[in-house]
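First the structure, which I've put down as structure tokens, then a few questions once you've had a look.
Each chain carries a letter (A, B, C, D and E) given by its place in the written order, and its residues are counted from 1.
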Amino acid sequence: MLDVAGLSSRYGRVEVLHDVSITVSRGHIFALIGANGAGKTTLLRAISGVQPVTAGRITFKERSLNGVKASTRVKMGLSQSPEGRQVFAGLSVEDNLRLGAWTRSKADSDRGVQAAYQMFPILHEKKGLPAGSLSGGQQQMLAISRALMSQPDMLLLDEPSMGLSPLLIDQVFEAVCSLRDRGLTVVLVEQNANLALSIADQACVMETGRIVLTGSGSALQADPRVRELYLGE
Amino acid sequence: MSSMLDVLSISIAFGGVKAVSDVSISVAAGAVFSIIGPNGAGKTTLFNIISGVYIPQDGSIRLNGKDVTGMRSDALAREGLSRTFQNLQVFMQMTAVENVMVGRHMHERSRTISQLFSLPGAVRENRTSRERSRELLEFVGLGSYADRSAAAMPYGALKKLELARALATEPRMILLDEPAAGCNPAETVEVEKLVRKIAGSGVTVVLVEHDMKLVMRISDRIHVLDGGRTICEGTASEVQRNERVIAAYLGDHGRREAANA
Amino acid sequence: MTADLLQYASSGVTIGAVYALVALGFTLIYNSTHVANFAQGDFAMLGAMTTVFAVAGGLPTFPTAILGTMVAGVAGLLLYRLAIDPARSSPVLGLIVLTIGASIFAKGVAQLVFDKRFHSLPSWFDARPIELFGATIQTQSLVVLAGTIVIVAALATFTTRTLLGKGILAVSQNSLAATLMGMNVGSVVTLAFVVSAAIGGLAGIMAAPITLTSYDAGTILSLKGFAAAMLGGMGNPVGAVAGGIVLGVVEAFGGGLISSGYKDAFAFLIILIVLAARPQGLFGSVARERV
Amino acid sequence: MSPKHSRLVQLAILIAIIGMAPLLVPSNYYLRVMTLIYVFGLAAVGLNLLMGFAGQVSLGHAGFIGIGAYSVALGSVHWGLTGLTSAVLGAVASAAIAAMVGRPILRLKGHYLAVATLGFGFLIALLITNEAGLTGGPDGIAVPRPVVFGWRLRTVEQWYWISGVVLVAGVFIAQNLVASSTGRALRAIHDSEVAAQAIGVDVARQKLKVFVISAVYASLAGSLLAFCNGLVTPESTAGFLKSVELVTMVVLGGLGSVFGSVLGAAVLVLLPQVLTVFHDYEHLMLGLLMVLCIVMLPRGVVPSLARKLARTGT
Amino acid sequence: EQPIKIGAVLSVTGPASFLGEPQKRTIEMLTQQVNAGGGIGGRKIELVVYDDGGDANAARTFASRLIDEDKVVAMVGGSTTGTTMAMLPAFEEAEIPFMSMAGALQVVQPVRKWVFKTPQTDTMACEKIFEDIKARGFSSIAVVFGTDGFGRSMRDQCVSVAPKYNIRIVHEESFGPKDSDMTPQLTNVRGKKDVQAIVVPGIGQTPAILARNYRQLGMTLPLYVSHGVASREFIDLSAGGAEGARLPVPALLVGSSLASSDPQRAPVLAYTQAYEKAANQPVSAFGGFMHDGFQMVVEAIRRSGSSEPARIRDALEATKGFVGVNGIYSMTARDHMGLDLTGFRMVEIKNGNWSPIVAGN
């Protein structure tokens, strides 16, 4: 589904991704874990086309994404819920959702909004309020729902559990699993490594801009190095 | 132990939404006091009220016995209250060490005039501030970032930067809003050590956090909010057994985490 | 005396409507980029001057009005594509200076392409002024007023009812997120600039029969339009119109009843007083950032 | 280069330029142009403290130039004060007025502050224009040459040196302020007022402080301008276009770069002189250059070039 | 032969561009004429023109530039009183003759050795207007003046000469140079019962808006405007509103209706024809000021047979009976303007044209 090969990227003069290669299979959950500053966010940004790459190539659904505009990538079925939530603070919750369906028809948009309200009833309660007035966790729910509005084939989630209550984390992870079961491919960047690895079909560990380990979710979960460095055991 | 912070039945509403209603808490000096609750329970709002960002529509707040209701946050900082933010409020155009130095601002005594002409007093003070700030960065584990622009630091580091900055004010009480958000379990352990050290140095800590392992291990007392109201308060073991807390907040996963803590 | 008051009111509303139209253009560009566009008045000048010269060249009024509007729209397109967009990494103040530069440039071009003299357009309808309780109302004032109402209604509907309108707000609030939603930020903002400039041009064309126009008529319009937009609450089309009308009326009454020399002073005093009481303007909403 | 080091280098460059210029360009005309650069540079440096560091916009700062200019004019014409006394009184008056209007308007944010300061500038200009009995109205009023310690200051050269020295002092003080704890607090306010306040910065007070300081800079620049022109008019001191010019100087030179403001002033004073070769195309060129400057150096000359150097350098 | 350098600092752009623009065109055209005719005593004129944009500060700098860098021998221009006053000291100090186009009396009174001017003073315009008002039997008037330099100065002059004509100013209003609506002011005037005529000291195009508003309000009081609007544009822009308004204008504006015996007829027709051909726009009084000033300077250079500034100045001061388009000038050591009231002709705007008023009507 997604193939990243030899990717490098930099901020100014500092290169933060060095020769990164990953392959994500269709219908899988791919978990990406790593310490603060490892470059996970940068990688997701590069895949979405909002971060320039200096070398390497990204292939999505057998098509090269090099030189493809970010907005086109969304139309191709790639969607991201970014780090730090990035809601449109001054617009209402519902408008935020509908903007998520920018590339979709009105009917799709209506359906998506209903689905979002079903998954997170609080969003329905707050639908007319500016997104900026929501609590941190509520904004996170909005960001995730908004990313789903474009009915993507592949969803990039950057720390979806951040700021969510334990109950909601369960719920979000369940939702991610059921989305996968319906054929969606998910790239999951998570600090909640245990949980992420436990639902991941494939996973990798990133350290200072490089992929240092790859394997199935359960294999990594069992890896002593991972247990020490990322699971805090 | 005397009480450091007394919140007496405060309430606030935003255009009809009661974000916090009739909440009272009392935090003992030197304690680690946690506030937990589902998303939108009113935890951050409570912090905003205590730290003077919002003025409560009802109720009063006492800090170390003194009534501080409605006081501006800079005045509260001078009373020994400091905080970090859930939505990062880092000074992005400054370096890490400068961020922390701003925290020293209220302790800097030199007059504007002396600063304008760079008189020795001001110069000396500047140097001391810088040294102290570097120490604090070391303390939170950001020593290597000192001269980096904040804009180029990863999320997790920024959270710690806010912590160092808050500590620079030499607070007697510190409010931490999700300090471990964006940290993996290993990093969370670091945060825990840090919080313990802070509490150990006599600073009262009020903590909002969704990481149940951290909360259960570190808290002397835990206060649980839901929908702006208190649902219970108690020690870690009391809280994690409370059915309402489990239903509204912990869920299965949370309960397991809490139990394993 | 009532006749006098009515006269002040009518004159204030007319001028206010012109300010309002410029303020509307301001609002739209602000909403899409958070830039205060100090070349907004120059769109009005370009529209009016083009029309003046086309009419002088023998073309009929209405088609030339469309031509003038289009010229202004193209100017808006160029402003965004050639200047604002390439400079988007500049701080907001840099962009303000850039629009001021663009405004000076527009004046420089206008004085070469057109001339430095004052010009007027004939009223759109050749009817006698209307007498109302002793006050006189020009027919062109009614044109301006009607135009303002139509444009604000259209604009308000556009921004609050359509996805595209909300897209314009979204790109300014968070262009990264907008991009991740699949929006082509560049095209959305270009659209906002073109529409805004066209509104400005139309404002100039409708007002020219009342206020005259010349190559440097844009500056004062930009200023008053900006002031009106802020008075009404930046970003709110209804506020922009309210701000414009209030400004015009205050000027007329202040000038008529108190002192004509301090006419502008009253306008700005009112702004200061209103902002002291409502820092977000008359119709603005308090955008309190959550922390 | 450490920040402190680079500050000293900048100051040294400035002193060298001021000291050498009269040797290189001996004519009165060039001296006058340089003097204007120093005078407007002073005002721009002050405004930069407010805009570049504290992030507070002022579109009416020429109002304070007007106050400074007219206080020396009126002081000596109507009230028989010496030039120096009236300049000092002008600065005091500017500070007092800034403190008074600053309190309410600095609560406003962004463009709202811009429109409020714009209004303030307008009010001052209108007052000067309309109170013709006192101020001479739009045609202006002559400023007698001041006598300082028995010297009548009248030559271009004398004013060259005086403005040069005042500018150096102004830059020195501004640099110190920026590097001081107040300077850090101001930059912090620029980025996040809530956070600054939460860690003990009295935001309102700091903003007011820098507003007053920048007003004093502008006022002194106004007094100098009045003295070296010998005539003050409302438009050439307090007018809106002057405010815009000041903002442009600060932005072109670079928000947050003290030295940049002097450079920005130089650009804006020199441009009209250079552009005379274009005759009818002057305006067109001026506007075009402003636009190009921002497009190519979006952060202003000094910071953008510094960035580019840092990128290409080692 | 070295060319003779003459400088000009004019407000070609900015709020006073309606003054500076025709002045620039005039001086460029005349220079060409002189040079085409072989120059002055075989020496060509080299013109240096700067645009001060109406800013006194800029004017002052350009003055220095003309003196120190360009080393001109004479200076023509200074379109407004403000810019002129800013430049005066520089030319006085450098001892270079300065022929100004500024209206206000203060430019030449007290007399400054090196400074001359061509336009009639505001006082003269007021007197001319008051003469006419008195002749029509009115005695109480309203003044609606512009708050720019010209309007304010003329208003002050009118106030001070009014008693001489037994005229009472019973009401005053003002308008800003950028105002686009004067209905409120006129409404106020309309409400005053004892006003018999309105005098509008104002310059440029703003009075045209006033005239329009005046007409729209259906006002019928006699309307007097100033020589500051003496250009065709005023009539055109007022869209019929100026019909019936009276004003003092220089002979230049009523060229074709000047009697053939009128000495000004020949220069007026010559300038009008040349200017309208060169500039492709109607003449205005402001260009006329420059015409006269420049010609007098050229004459002075010719007469003195020298390009010494001091000699030019002396020759300028010795100007006697110079017939210009604006008036007939005779300078003296005590009068550096050299005009009397005869230069002004009172006209009424009739059928969209200037129409001379026969005395006593």
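Worth a mention:
As a working rule, a contact is a pair of C-beta atoms (placed from the backbone, for glycine too) under 8 Å apart; a residue touches a chain by one contact, two chains touch by 3 or more.
Owing to the predicted nature of the structure, the values given are computational and were not obtained by experimental measurement.
Number of steps on the shortest path from chain A to chain E, with steps defined by chain touch: 2. Chains that count as touching both chain D and chain E, per the definition above, are C.
By number of C-beta pairs in contact, A-B leads over the other of A-B and A-C. As a whole-number value, the distance joining the C-alpha centres of chain C and chain D reads 30 Å.
Mean C-alpha position of chain B lies 47 Å from that of chain C. Chain centres here are Cα means. That of chain C falls 36 Å from that of chain E. Centres computed as Cα averages put chain B at a distance of 42 Å from chain D. Residue positions 13, 147 of chain E each touch two or more of the other chains.
Annotation for chain C: residues 111, 261, 264, 289-291 touch two or more other chains.
Counting only residues that touch two or more partner chains, chain D has 129-130, 194-195, 282-283.
Chain E contributes residues 13-15, 17-18, 21, 147, 173-176, 178-181, 183-185, 187-188, 190-191, 205, 208-209, 216-218, 233, 236-237, 239, 281 to its touches with chain C in the complex.
The touching residues of chain D, when paired with chain E in their complex, are 27-30, 32-33, 36, 129-130, 132, 137-140, 142, 156, 225, 229-233, 235-237, 241, 272-273, 276, 282-283. Across the interface of their complex, chain B is touched by residues 289-291 of chain C. Considering their complex, residues 11, 14, 33, 35-37, 41, 83-84, 122, 129, 133-138, 140-141, 159, 162-171, 191-195, 228-233 of chain A touch chain B.
By the touch criterion stated above, chain D contacts chain B in their complex at residues 173, 176-177, 179-185, 187-188, 190-192, 194-203, 209.
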